[in-house]
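Can you read through this structure? Questions will come right after.
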Amino acid sequence: MTEPMYMPKAALENLIALLRGDGYKVLGPVSRDAGVAFEEVRAVSDLAAGVRDSQEAGRYRLEPGVPGEIFGVVNGAGSLKPFFFAPDENLIEVRREGKSFKSSEVIPPPRRLAFVGVRACDLAAVAVQDRIFLHDRFRDTHYETRRKDVFMVAVNCTRSAPTCFCASMKTGPEATAGFDLSLTEMDECFVAKSGSSAGEAMLERLGLRTASAGEAEQARTLTDRCAAGMRRQLDTSDLPRLLYEQADSPRWKEVASRCLSCTNCTMVCPTCFCHAVVDQQEIDGNMSRRVRQWDSCFSLEHAHIHGINFRPRIEDRYRQWLTHKLASWIDQFGTSGCVGCGRCITWCPVGIDLTQEVAAIRASAIK
Amino acid sequence: MTTPYAIYPARITERRAETSGVYTFTMRFTDPGIRRSYRFKAGQFNMIYAFGVGEVPISIVSDPEEPEALQHTIRIVGRVTEVMGRWKVGDIVGVRGPYGNGWPVDEARGRDVVIVTGGLGCAPVVGLINYIFRRRDQYGELHILHGVKTPNDLLYRERFDEWRRAPRTRVYLTADRPDKSWHYRIGVVTQLFDELAVPASSVAMMCGPEVMMRLAARAFRDKGISEDAIFLSMERRMECAVGLCGHCQYREYFACKDGPVFSYRAVRELFRTTGI
Amino acid sequence: MPSRRKRSRTIQVNYLTRAEGEAALHISMRDGEVVDLRLEIFEPPRFFESFLRGRDSREAPDLTARICGICPVAYQMSTVHALERICGITIDPAVRALRRLYYCGEWIESHTLHIHMLAAPDFLGCDSIITMAEKHREAVERGLRIKKAGNAIVAALGGRSVHPVGACIGGFTRAPGREQLSALRDQLLRIRGDAVECVRWVASFDLPAANRDIEFVSLRHPDEYPMNEGRVVSSKGVDVDVDGVDDFFEEHQVPYSNALHCKVKGRGPYFLGPLARVNLNFDRLGAEITSIARETGISWPSSNPYTSIVARALEVLYSVDEAIRIIDSYRPPDRPAAPFEARAGVGRAVTEAPRGSLYHEFETDERGLIRSARIVPPTAQNQARIEADLRDLAPGLAQHPQALATRMCEMAIRNYDPCISCSTHFLKLNIEEL
Amino acid sequence: MKPRVAVFKFASCDGCQLQFLNAEDELLRLAGQVDLVYFPEARSRSLPGPYDIAFVEGSITTPDDARRIIRVREESRYLVTIGACATAGGIQALRNWADVEQYRRVVYPSPEFISTLSTSTPISEHVRVDFEVWGCPIDKGQLLAVTRSLLSGAKPVLPAYSVCMECKRRGNVCVVVARGEPCLGPVTRTGCGALCPALNRGCYGCFGPANDENMESFVKLLAQQGVTGDDAVRRLRGINGYVRLWRETADAIAAQKK
């Protein structure tokens, strides 16, 4: 990593242009419908600048922000997940050949994606999914293909949403890995750092000067303050044991009375990886696709086998989700399944908050 | 780079009806290269694919030393297996695998083995028994316990009789609700444990309803068999079999890659709660 | 003159096929005279006008769409226009253009369906589009391409082509972006040639000759081919505002049908639909289409109901062109829908469904709840006219074998593309009710 | 021989069977797989049964239809209902809460000519149904998939999880959370492709209930959004209002008010 560089705001335009010139499709937070999502940006003016998000459990609104602020929105429902782990994709095509058939892999079309404005928690989530899809016993080639050739421009958080708790999960608010460039936005400029040789080369092409000690210091203070001011917390001590031991906590029933089992929390979660594999046959029966679609442990079919459903009640499914996220994930992959982005809290229509649920379980366990 | 989801065609060379609704298919990969390089261990399973309809996990019941002719015993229970039930010799089906860890046949070598199955009978157990019979001198006493609800549920009746006649082998059959034709024991399978005398050095392997396995495991532990020597084959929904789709999660385990066979020590705690 | 053999005969078409919905025709003749002629619509009544009472106006476009799966857009449009007149909403010109585009989609889709799947098999001696595809593959594929483009327009605005969900009082719940529409434009350009070809194809059919004294009725707009707005005019001099239609038209019930019959007061049956629109608005089709229309050899206005199919094909072509024009000048509106404020009142609207003028009348209370609804679909209005055509046709049927006679009747009915599902509807409240 | 397929119509708008004809890309290939021997909307020659697959559209609203559906069942190997009318009674089931005599008088000056039952009921209340395809209208892709599955000799897959799952796969922005719009998505069955939220509006439940609803919590959510009393009743008594759980929930709210 190089030393912090001073990057005037206008240079962002340049960065986007250079990336586009290198053949990247550049994606960044763009206002769409009543939210923001990562969509193509051709210029800075496409970004959701000058607006801020107001988030709380079960509620999200975009509001006028600070003029001149480019990355004012902490996050929207969409993370980077759909770009690498596609919500609905064709894995293989099986074609009849006489009495037999031939199966061929459907390889996603090659593309170069550059993301601008990625938050630390989302980078951490990408690392979690990398661990699952790339560094486990079986390697997922579709994920691998989509994940290749990506340029990441992170933005360090200087403001958190009330639903954020990345500090508890040690994933933010400052990006520490997984990026090519990281930016800290200040009133008049960015402080930029590189996180890879590609990033370093990009800094050079942008022709930036080294940031003054004061500028670098100010950037650090902003992220530190953001960390200190984070309202939500999740006490991770004693996990996974706490949740394993509290499998019979009455709290599961209580939360199940509120949970709609609608699957929103899992769908917006940047690390949830469950998927269904379904067959889609052409009407003439000559070709059939095996398609993968995002699935959720909140769906009734998820744990169903012939004659038995292992998790028939909503309380079983809520417990599965929370226990997996915060406990068994650690046993499975050596990392927590939660990065503290707060999406499952905001986007739960009835505002169920996992930090509160854990706190309640912890409290009742002590008694 | 090949996706772990890739499917390979195999030709059915034999179809045998075990009983109504249960068939054993012998199949060979059509691609000679794959056929020759394919290897598996006893108790592993394949994902078997019916064109355009779906794919389901099915154990391999044939012997690992004859990997070119794979045998699968399939019970017709639902959507995909119904289609499989209509498969004929010469049909081309899809196979990928092998997956899972298989039975601990190496650990059990030289020791007495107790095999327990219940309910509608478990194809993987038949594969295991056959495996041991083909290497009979490598194993000690063999005890086969099998409990059914009604005599009609007893599959492979002739095979049980055949095994019963084999040396150093004991077969215990019981039915909850017997009829006149039943001349074995009466009651639930767990009642058989009382009369079972096995040394603490035995290895127990089982496959069947979870309640049965839980009770059996406890009974073996009470007989002094170590929790590490009691093995259970767990069933969970599987859509990928490669630890990615998430359906077969069993708290910290994936039944497809960490199982389907688990030692009692590994899963004992999970039996405490329902809905996991 | 063919010899007049004395005999009595009954022609019974028990189930009118290749029409949307269920109907039967019964004709009894004695000595070549029609004794009894009944077009029975036995589509079971669904009571829309009744259950709309007490519902919220904002739900109305979703509910009335369900009257007909073939022309849901028409129901949504008459509904929103009628309700907007109650609350006095002004519509953004861009939204108005989108509504016209929406209608173009439905006309293309519904007309193409009728031409290829319902009517053409008659002319080509096939029993369905599927058998027709064996001999006329190219025409069938062309038809499917055109139809698909029509469905794509409706889906672009409403999510799907049957019971689309995007239309609301004030406009649309979401306005499409320019990029989304430009993909549609490409598709439309690709099928424009197909649409021209389709006009020539249907004009080449062996259309029976007939020359009837018919009163045609449609909307007429000062400067457009009519879709959503205009005055109600007729070829015999009616020219009224929507609020005045009751002074000119009346409905009555016949015992054998679940649909109501309509007449011009003091005169008789009238004719709605593409042929009426083309006849009354020929000057609004534009130079190119009018010259294509003339090349067919039909003299417009046409008093031959069998030329309806050509009028329908001309409207498909017009809708393709109009859709392209709308997309070319499209600029997304500031707001996809004008805000709705409930108000008490009565609102009426007529829009041009594929099958003809569709009348809606709503009365709401101050919370916007519906107090009464009256819906007069085009097929119901055409029913008396269909029976009149059949009466004209009947004497000549005696000389034909049953199968041919049946087919001739079916063809006469199909000129109106009857959409029988919608014919289930309600007349004004009668005295008992109040 | 190709399987013989029939398409029957009862009280309905024709929109579901129209989905066959809307399958512009597949129609001719479908015709290569099955014999559409009875399909009055699309074919003038109707052949008698027995049928391998009968698709039934529409609800039962007249005494004649109540008899006709029994014949259809007898003649058909698989009976598949298509759409909200056939599967749940449809929008016309709103009469089930009303006085149909009055309905009849509102509509017809001579109500005695009109023969109708006082209820609109789903096919399953009359005969055994093998498979139910939900939606108002049904989804074309689902219709083709069901047909294909039956042709392959397999039971069709008809997922019953919530609209929300599909909504999120599409990348929609939740209208409940980001707009405060009431949306039936969390309790509605998937299948439409989450059309309404994609167009910035709440789902109104045209695919019927999902398989695992928490109506109590959902009604509380509606109330938080200001949808209570009659407004809540209307939301639930819509296209699929006659479905048991929604009907009972709405009836309970209506009773509470009184």
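Per-chain residue numbering starts at 1, and chain names A, B, C and D are given in the order in which the chains are listed.
In this section, contacts are C-beta pairs under 8 Å (C-beta built on N, C-alpha and C of every residue); 3 or more make two chains touch, one makes a residue touch a chain.
Everything quoted here is computed from the prediction, not taken from an experiment.
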Which chain wins if you rank chains by how close their C-alpha centre is to the centre of all protein C-alpha atoms?
D
Interface with more contacting C-beta pairs, comparing C-D to A-D
C-D
Could you state the distance in Å from the CA-based centre of chain C to that of chain D?
25
For chain A and chain C, let me know how many angstrom lie between their CA-based centres, rounded off.
50
Roughly how many whole angstrom separate the Cα centroids of chain A and chain D?
37
What whole-Å value do you get for the distance between chain B and chain D if each is reduced to the mean of its CA atoms?
43
Using the touch rule from the top of the page, what residues of chain A touch 2 or more other chains?
33, 281, 285, 295
Within chain D, the set of residues that touch 2 or more other chains is 148-149, 152, 157, 200
Contacts with two or more other chains occur in chain C at residues 174
Chains touch in the following pairs A-B, A-D, B-D, C-D
With touch defined as at the start, can you tell me which chain A residues reach chain B in the complex?
91-92, 94, 96, 99-103, 105, 132-133, 136-142, 144-145, 240, 244, 247-248, 273-277, 279, 281, 285, 288, 290, 292, 295, 297, 302-307, 310-313, 315-316, 319-320, 323-324, 327-328, 331-332
Taking the touch rule as given, give the residues of chain A at its contact with chain D in the complex, in rising order.
32-35, 37, 58-62, 76-78, 82, 87-88, 256-264, 267-268, 278, 280-285, 293-296, 299-301, 314, 346-350
Show which residues of chain D lie in contact with chain B when the two form their complex.
148-149, 152-155, 157
Spell out the part of chain B that touches chain D in their complex, as residue ranges.
50-54, 78-80, 82-83, 86
Spell out the part of chain C that touches chain D in their complex, as residue ranges.
15-22, 43-47, 49-51, 53, 55-56, 59, 62-63, 66-70, 72, 113, 117-118, 121, 127-130, 133, 140-141, 144-145, 147-148, 151, 158-163, 165-166, 168, 172-174, 252-256, 258, 260, 336, 410, 419, 421-422, 425-427, 429-430, 432-433
